[in-house]
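You will see two complexes here that share chain A, one where it goes with chain B and one where it goes with chain C.
Entry: the complex of A and B
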């Protein structure tokens, strides 16, 4: 794949089909892989975090509680927040796939990073948890947050839209102006735009507000 | 009918559940017991107590196809055709018949172009199609998909949905976090803490869940 562009502070969504190169670009942006050609410059990035699609890759603790502490997080509040209270003594691998993702994101998201790259943060999460994570991302005030996802229903408040198609990264623009050119837009957003009701952003509330317009 | 009676296993506690032929979606929060239930229905695990019967027959005596959310973790063979042929080879079917059935299966799924490929070279979406081929080739009466759409893009998920609908399999059970996909099922089961909280048509079940995050966004935005 080929990519060219600048990621400014704010929340970015990069959408694209499975196999289009999202994880490759995420890894390269986080500096964990050198591109075959070209350069990636991380101006003013003192702290950064890459959250892998598969949370198993991040595990270093033998128990859920140890895993929290390995992120310098207090297990009590973290486990309450991600609905795993009382499970601190079990192995992270004893959790269901979605529970492990919840634990991982609850450890990652409170961090203050100049660059936060989230690869498919919503996959495996239940819908309530997706909404909760989106609310947290929506209020991030600091740094650059880049979300690579094929999610089609639940999104955080987003500043910039990108997508990967035909092997190229394409910048669609600032939300909401970018929505009309968004190839991977969920059907519900396409329907709203076709009926002349372009939502102000892509959160569930923005979509419902647009749908309720008369 | 698939019937579940007095089932107890881990967090699962199901007194009485009947599942009619067609596509049934199992929804619920992470950790509510969806995968545990599907594994028992597939015969992958046995319940601690209770009975599960598929048209009167225990799951382990039935032909059942399974497709999980991470198919590359279950792929056994390095060549695509060997992977799809494996359920038939394990039962020592004649090689000539196997080759024909693999060809027919790959044609039906539209993946004949992958015949000479190695599994490791495939994209995530292609691996799902190969795993689906292996799940379908023995002609299962029950096909189980455990959040197989969680790592598929919308176009590939729609393709899988179309193919399983067209396969004519008597029972298709899937867990999903895509509520718009669940809304297109014939029946819906909503699980909470290992129990069946609601079961019925999508209209019935989502009717009860109208004020929750589970209610499909597309239904809220019906124009």
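Entry: the complex of A and C
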């Protein structure tokens, strides 16, 4: 795939079909893989983190509590936050994929990274948890957050939209102006735009507000 | 070598020849240079680098304790090259063909299925390991036992979970053991000469050649 562009501070959503190269680009942007050609410059990036779609890859602790500490997090509040209180002594492999994803995101999201790349952060999560994660991402004020996802329902407050189509990364622009050219937009957003009620952003509340607009 | 029957038979003969002694290893290495080295890639060499390093450590231990360390490293090195060649030439489905051809639709089908699943698993393990290395690097744990232990846990757990899922999927689809398959093989132009030359290396390694050369005796 080919990619060209600049990621400015704020929340970016990169959408694309399954197999379009999102994970590959995420790994390259985080500096964990060299592109076949060209360069990726990380200007002013002192700290960075990449969160894989499958949280198992990140496990280094033999217990859930150890796993929290491996991210320099206090297990008590983290486990309460991700509804795993009292399970600090069990193996991370004893958790379901969804529970592990909750634990992983609860450890990663509070980090003050200059660049945070999240590869499919909403996979394996229920609606309630997706909304909670979106709220956390929406309040991030520091650095660049890039979310690679094919999610079609629940999004955080987003500043910039990108998508991968035809093997190319395409910049769609700033939200909400970018919404009209967003190929992978959820049907509800397409319908709202078609009826002349473009939402101010892509969060659930923004979509509801546009839908109720008279 | 396209024909998996001849390829596996050649590999078995060459591995046994290489393991039998230095002359056998030299013969098998010569065969590998002639038959396989044109297709060797950087990936092939990278793949055998880690097991070769491990073999070298064992060789050094044998050498320090007064044993034939160099011979061990040379013989095992050639076996690794032959094994890597078999892996490079593998095409999905051919172990199932080979196993059914050899042992029939019952146990042959089951063993072939296991072999195919094992090969598929190897590819997944390689991909998983590269992601785990990235994840460990992000946590600043790149080397030593502290990195190896969690990586091993993740790989073993993932493999067992996948094996369980595959078993369930097979059971749900009605698999109870055995199956029907009409194995098919393609024999390339150089397959039979390649196999005969491998056989020749094996004969030279194991036959009491000196019995035939009176002058040598």
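Operating definition for what follows: the second predicted complex is superposed on the first by the 214 of 214 C-alpha atoms of A that agree within 3 Å, B and C clash if a C-alpha of one lies under 4 Å from a C-alpha of the other, contacts with A are read in each partner's own complex, and residues count from 1 in each chain.
The working rule: a contact is a pair of C-beta atoms (placed from the backbone, for glycine too) under 8 Å apart; a residue touches a chain by one contact, two chains touch by 3 or more.
Just so it is clear, the structure is predicted and the values come from calculations on it, not from any experiment.
Engineer: Between chain B (first) and chain C (second), which does A:1 come into contact with in this model arrangement: first, second, both, or neither?
Structural biologist: Touch partners of A:1: none, neither chain B nor chain C.
Engineer: Check whether A:59 is in contact with chain B, with chain C, with both or with neither, and answer first, second, both or neither.
Structural biologist: Once the two structures are laid over each other on A, A:59 reaches chain C alone.
Engineer: Mind working out whether A:45 is in touch with chain B, chain C, both or neither, as first, second, both or neither?
Structural biologist: Neither: A:45 stays clear of chain B and chain C.
Engineer: Counting residues of chain A in contact, which comes out ahead: chain B or chain C?
Structural biologist: Counting contacted residues of chain A, the larger count belongs to B.
Engineer: Is A:32 in contact with chain B, with chain C, with both, or with neither (first, second, both, neither)?
Structural biologist: Once the two structures are laid over each other on A, A:32 reaches chain C alone.
Engineer: Contacts for A:198 in the overlay, against chain B (first) and chain C (second): which applies, first, second, both or neither?
Structural biologist: neither
Engineer: Under the stated touch criterion, which partner chain does A:152 make contact with: chain B (first), chain C (second), both, or neither?
Structural biologist: First partner only, chain B.
Engineer: Between chain B and chain C, which residues of chain A are contacted by each of them?
Structural biologist: Touching chain B and chain C on chain A: no residues.
Engineer: Please give the residue numbers of chain A that touch chain B in the complex, ascending.
Structural biologist: 16-19, 53, 83, 95-99, 101-102, 120, 123-131, 150, 152-154, 184, 186-188, 191-192, 195, 204, 207-208, 211
Engineer: Which of the residues in chain C come into contact with chain A in the complex?
Structural biologist: Those residues of chain C that touch chain A are 128, 131-132, 134-139, 141, 146-147, 150, 153-154, 157-158.
Engineer: Please output the residues of chain B touching chain A within their complex, sorted ascending.
Structural biologist: Touching chain A from chain B are residues 28-31, 35, 69, 123-126, 147, 150-156, 177-180, 212-214, 217-218, 220-221, 223.
Engineer: Please give the residue numbers of chain A that touch chain C in the complex, ascending.
Structural biologist: Those in contact with chain C are residues 27, 30, 32-33, 49-50, 52, 54, 56-62, 70-71, 93.
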